[in-house]
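Quick one: structure below, then a few questions.
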C-alpha cells in the first residue's frame, strides 16, 4: 500500500483565519479531512505534517525517505526563497507534487517565482482545496505507473 | 462523456527524430496511442491536434469551446513567448493542463519561463510521455470534481 | 475616396465571450458595425480583417499597399512581441493608428510594452469600442491633412 | 461650447530656436495659431499655457477643473519622470491627449518611456505641429461622443 | 513650546476630490483641522504648507531651520524621484517623519520606492488621516526625548 | 489594558557585544528595561520574545493572536528575505510597527529592502534604542485611536 | 549533387520596396537570381522559399529533411524571438547558415540578439546580397568537407 | 568682454551649513567671491543665480541666450534626474561646464549618473570651490579659442 | 590548545545518499572522521555540529563565542540567502573559513552568490572532503599566526 | 595575389594541451598547417600571428594595413571584453572573419557576447579547425567578389 | 617648471586614418604639435606617450611619479573597462584630466561609461583636438593653484 | 621539492606607496621576503613575478607548466574582467590560490565579482600580507595531499 506525506509550510495552520478573500474559509483540518477521504478512495495511506520552521520541514522530508513513497507539498512562502527545501527534495529523491491554494502567478511579484518547482514532478495552483486532492491523485497515479 | 483535446505545438511532430538524448525515442504517434489507451481506461474521449503554426493552435483552441471539456497542452517553444496563446486559453475559459516531456527548468535559460503557466490549472514536466497520461488523468479528475 | 483597413489580431474574434469584465460585452461584429457607421459619416470606405495568425496579418498588411490609404490596427497580444508585424508596418509605409479596447498600461507587466508603437502615428487605449471609432477619425483627419 | 486647454511643458517656449533638425522651425506661437484655427473650425474654445515649472503645470491643471472640458498636453521632458504631473491628471479626472512633435520612441533611450501615458486617453507623436491639431480633433471627437 | 511644520506635496490640495476610493473623502482642510486638534492636545504649535512646486517645498524646508523643531511631511509623488527634496532634508538637519495616506507599497511599482525615506526618522503609511496625527505624536515624542 | 508583544529577531541577543560602532553598547536586556519603563508610563503591558529561529518568530506571532493587541518588531536580518514572516503578520491581522536600531537604508545594499514593511503600519530606523520606545508609543497611540 | 534550401522570413518579399536606405533596392527576385547563378557556379541545386508565417517556415524546414543537405536562412524579424524556429533547426539536424542583408548589430537594440545563431554553423551580416552568395559558398564548402 | 553665468541648483544656498564633512564650510557667498576674483583676473564679467526651483533654473538659462557667452553650472541633485534642464542646455546652445564640489562618483549610487553631462563640454568634480574657479577658467579658455 | 567548530548546514546529513554524481559517496560521518584525524595531526580540538535549522546554526555560532577559536563552515543552501547567518558570523567576531564540497561557481546560477563570503577570511570549493581538511589547516595556520 | 593574416588571441598557443574535451587535440601548429594547405588550394598567401597580449594583437592589426587584404581572427577570451580590439578592426578598415573552435553560444554566459562581432563581416563557430579553413574560404570569396 | 605627460591609449596612433567622420582628419602628430604649442604658451614642459598596450600605459603612469606633475590622458577604448588603469591613476596620486576627441556619451552604449572618470579631476569630451589643449590648460591651472 | 610561483598583477609594484589606508605600508619586496621565509619553513621553493601587462601574466602562467606545481596569484584589478587570465589558469591545469590584501567584497561594486575565482581552488582576502603566506600554506597542504 502506497504511503504519502502531505506537508504544509508556514502560516497554513492559520487557514480559515487568514485573509479569507484570498485563501477561502476552510481550515487546515478541513482540508486534511478532504485529503484523507480522497486517500481512502484511492487506497493509499496519508500522514500529515505542518510547521512554520524551515528546518523542521527539511527534517520531516529526510524522515520520509523509506517511510513514504511520495509527497504532496504546499511550501507556503518558503516556495519563493528556500533553496534548502529545494535541496532537501532532490537529496531525498522522493517524487513531490507542489500545490498552492491560490494562483500564485496572479498575486504579488515575489510570489511568481517558485524555487521549488524545478525539483518537483508537477505543480497545481489556484484550485483551492482541490489543489491538494488532485495533487494527491496525480502523485498516486504517478507512483502506480512507476510501480508497473 | 468527457471530451479532451490533446494539443501539441511546434516541432513535436518530429519527436523520436529530434535530439533523442533530450526527448527520448518515442514518436508523437506512440505518445498519442498511449494517451488514447489511458483515455479509454478513464472513460473519456480524446482528440489530437498538432501544428507548427501559432495561429492554428489558437484557432484550434477557439474551436474547442463547446466541443471539448478541457485541454492537455504541450506548447513547445511557444511556451516561452506566445502571449497570444496565453490569451487564447483565458479567452476560451477551458481548463488547461500544461505538459512537457523534459524538465524545462533544467535546460537553457529561455526555457525557464512559461508565459502560459499563469492561465493553466497545473503543470507537469520531466516525466517523458507520462507527462501526457498523468496530465490527462489530472484533467479528468478535475473535470469530474467540477461536475459533482 | 479614402480607403481604410481595420485590422484585428489574435483572440479578438472572441470579443463578447472573453473576460467581459476586462473587454466588455460587445462582439467584434458589433464593433465593426460601429466602425462602418462612423466610416459612412466620415465618407470613407472600410474593409475588415481579423486573424489569429501573425503571418496572415503580415500578408494582409502587404496586400493593403496600393489598395488602402491607412490602417486602424488592434494587434492583440502580438502588440508585445511581434517585431515581424512592426517591420511589416514600416515596410509598407502605410500610416497606422494602434488601438486597444482596455488600458494596456494598467494591466499585467508584459502588456505595458508595445513593440508596434514606434512605427505608428498614434495610439488610443482604454476607450472601449470608441478606441476604434476615434482611431478611425484620427486616421482620416491625418490622411485628409496630408492630401491638402 | 467645449473648452480645451492646450498645455506645453519645459523648453517648448524655445521652439523654432531649439535644434530645428529635430523639432522643425515653427515657433510655439506659430503652432498655437494653427491650433486656434483648427479650434475655430471645430467650434471649440482653446486657451494656451506654457511653463518650464513642473509645479506651475500642475497648478494649471488643477485650475482647469470646471473651467475646461479636456486637455491637449505636450509635457516635454517631464514626460519621462514627472509622476507628480501624472497624479495631477488622474486627480483632476480631465480627459488628456498626450502629444509630441518628434517621435520620442526613435530618440534617446530616456525618451522612450512616458510616465504620463497610462493616465491619458491617447498619444500622438512624430507628426510635427499636426500632432497638436490632430490631438485637438481627437479630443473634441471624444468629448462630443461622451456628450451624446 | 515645540513648533512643527506639516508639509504637503503635489496634488494633496485636491484631497477629497481625487480618487476617493484610494485616498478617502477628507479634504486637506479636514486633515489639517485634525492635526491642529492633536497638536493642541500635545501642547505643540503647528504650521501648515502645501505646494505643487518642488522648489517651493525646498524653500519652505530651508525657512523651517531655526523656526521649527521638526517636520511631518507627505511628499506626494515627489517621494519617488525628488533627490533635491532628500538633500533639502539632510541639509537642514531637521528631524522629519514621512507620512502617506495610502499604503504606497501596495500600489503601482513606481510608488514602492521612497528616495526620501533614508533621511527620515520614521515612515507611516496606510492609516488615512491618522498617518498625520500619529506621525505628529511620533515626532513630538522624539523631540521631547531629545530635549531631556 | 493594552498588551504589546516586543519581538526581536536573529542576533539581537548579542546586542552590546556585536559591532558596537554600528549598534551601540546597550544589551538587549538594557533595551527591554527601557521599553518596560516606557510601557509603564503609557499604562500598557509588554511581553518580550527573542529568537534566532524564523519558525519560532512565526509561532510567537501566531500565539499573539487574542493574547496581544499589537507588536513592536525588529526582524533583524529576516527583514530582507523572510516572506514567511510577512505572511505571518498579515495572517494574524495584528498591527505591527517595524523598528531598527541603525538606519538600514544607509548600510549594505541588501539591507535597503524590507519585505516586512508593506504589512506594517509604520517603520522607525536609526534612533538606537529610541526606535523601540518611540515605536511602542506610536503603536499604543494607534491602538487607543482605534479603540475610540 | 548537393541540394540547398534558401529560406527567407517575414517582409523579405517586400525587398526593394522597403526602406531602401537600410536594405538597398534589389528585390527578392534579384537576389534569388544572383544566388541561383552562384549555385550554378558551385555546381549545386538550390530551391527557394519565402513566407511571412513562422509556422510555414518551420514546416518547410521539416520538409527539407532528406530533401536538402543544408540551408541558407534569413529569418528576418523572427531572428530575435522565434525559439520555435530555433528548435526547428536543431530538430532537423540540418547545417544552417544565418544571413542578414544589413548589419543587425548596428541597428535598434532588439535586433542585436539572435536566438537563432546558437544553432547555426555561421552568420553573415551587412554584406547586402553578398551575404546570401557568400553564405551559400560557405555552406557548400562545409558540406563538401563533411563529405570527404 | 565675455560674460559668464554661474548657476547653482537646489540646496546650494545652504552651503557652509549643510553636511560640512561632505561639502566643506565655505558659504555660497564665499565661493561666489572667489569666482568673482578669478573672473576679474581673467577679464570676464560674471553674474550669479541660485534657485531651488527646476523651472527657475530653466527660465534663467533661457534668459542667458544672447545675454551670456557660457555657463558654469552646479545642478545639485537635479544632476541626476532633470531631463528638462538637459533639454534647456541643448535648446539654448550655450557652452556649459558642469561642476560639483564633492566627487559625486564616490558617493551614493544615485549620484553616479549625470543626465546633464552629455550636453556639457566638460565636467569638474571633487575639487571643492576650485571646481568653480577652474571650471570658469576652462570655459573662458574655450570661448576665447572659439573666438579666434 | 586551539579549539575549532566544524559546522554543517542543511541536507549535509544526507551526504553519501544525496546526488553522488555531484557530492561523492562519502557520508558526513566519513568526512568528520577525516577532519578529526587532520585535527589530531595539527594538534587542535574539533567539535562537530550539523543542523537543517537556520536558527540552530545561529544559536551554535553564538555558543561558540569563548568556547571555540574559529569555525570551518559549510552553510549548504543557506550560503545563498541567509543574511541572518552572515550577521551571526560578524556578531561573534570568530574567524570563519567557508567550505563547499563541489565547485558552487560551476553549478546553477543561484549557487554562484555567497552572502556569507564577505564576512569569512577564506573560501575553499570543489575539493571534495579535502575542502574541509584544507580549510581546517588554513584556519589553524591563521589562528597560530594571530597568536604570535 | 591576395594576402591574409591569420590572427590568434590568448591561450590558443596551448591548443592540444588545453581542455581537449572542449577544444580537441590539435595543436595550433596543426591548425596553421591545415590553413596553409587550404590557402595554397585557394591561391592566396597567409601569414600567422599569435599573442597573449591584447596590445600586441592591436599592433599586428595596425601593421596589417597595406600589407594584408583581410584577416581571419580568433580573439580567444578577448572576444568578450576587448573594445580596444574592436576599435582596432574598425580603424584599419580591413575585412575580418571572426572564428571560434567551439560553439561559444553553448558555454558559460560570459562567452555568449562578442564585442568584436559587430565590426566583422561574418562569424563561424563550433566547427573545430574547419572554422579556420572555412573562414579563410569565406574571406577569400569575399575579397575576390570585391575585386571584380 | 611644471612637467605634464600627455598619454594616449589604443588606436589613437591611427588618428587621421580612422573613421574621419567620427574623429576628424588630424593625425596624432598634428594634435601633439598643437599641444606642444599650447604648452609653450603656458610655460610648461610636455612629454608624449602612446601605446596600444594596457600594461605599457600603466608602466608609463608609474614612471611619471616624481618625473611629471600631472597627466592629460585619452584612454581610448580602455576608458570603458580598464580597472587596472583606474587603479594605476589612484596609485600614483597624480592629477589626471581625461580627454576624448568625440562626445562619447552620444555614441554606442558601451562608450557611455568611463571607469576612469571617478579618479580624475575633470573630463573633456567632444571638442576635437581642443579637448587636449583645453585639458592641458585646465591641468596647468589646477597645478598652479595647488602650488600657491 | 615542491615549486610555487607567486604571481602579482597590475599596480602591486607600487605597494607601500599606493593608498596605504587601504593596502598598508608594506612594499611588494617586504611581502615577498615574508613569503620566502614561509616557503623556507614549509620546505618549498618559490619564484616571484609581477607585471602590469595582462599578456605577460598569461605568458608567465604558460611557462609555469612543468616548471611549477602551483600558483599563489593576486590578479589585482584584472580579477574583475580578465577572462583571458581565467582561461590561462584552466588551460595550464595548475592549482591556483587567489589572494587579495584587502577585503574586495567590502569595497567598490566592481571589486565584488571575481571572474578568476571559479577556476581557483581557494580564495583568501582581507588578511593583509598574511593572505599570501596563508595562501602559500594552503596551496602546499593541497599539493602534499595530492602527492600521497
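Residue numbering begins at 1 within each chain, and the chains themselves are lettered A, B, C, D, E, F, G, H, I, J, K and L in the order written.
Just so we're on the same page, a residue touches a chain if its C-beta (ideal position, glycine included) is under 8 Å from a C-beta of that chain, and two chains touch if they have at least 3 such contacts.
Small disclaimer: the values here were computed from a predicted structure and weren't measured.
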item: Chain J and chain C - chains in contact with each; value: G
item: Count of contact steps on the shortest path from chain I to chain K; value: 2
item: Equivalent of H-K within the choices A-I, E-F or J-K, defined by over half of its residue contact pairs recurring; value: E-F
item: Between chain H and its twin chain K, rotation from the CA superposition, multiple of 5 degrees; value: 180
item: Centroid spacing, where centroids are CA-atom means, of chain A and chain B in whole angstrom; value: 23
item: For chain D paired with chain E, centre-to-centre distance based on mean C-alpha positions, whole Å; value: 32
item: Chain A-chain K separation of Cα centroids, rounded to whole Å; value: 64
item: Centroid spacing, where centroids are CA-atom means, of chain H and chain I in whole angstrom; value: 54
item: Junction residues of chain E - those touching two or more other chains; value: 53-56, 81
item: All touching chain pairs, where touch follows the definition stated at the start; value: A-B, A-F, A-I, B-C, B-G, C-D, C-G, D-E, D-H, E-F, E-H, F-I, G-J, H-K, I-L, J-K, J-L, K-L
item: Touching residues on chain E, where the partner in the complex is chain H; value: 53-56, 58-59, 62, 65, 81-84, 86-88, 90-92, 115
item: Complex contact set, residues of chain F against chain I; value: 9-11, 13-14, 17-19, 51-56, 76-78, 80-81, 110
item: Contact footprint of chain G on chain J as seen in their complex; value: 103, 105-106, 117-118, 121-127, 130, 133-134, 137-138, 141-142, 145
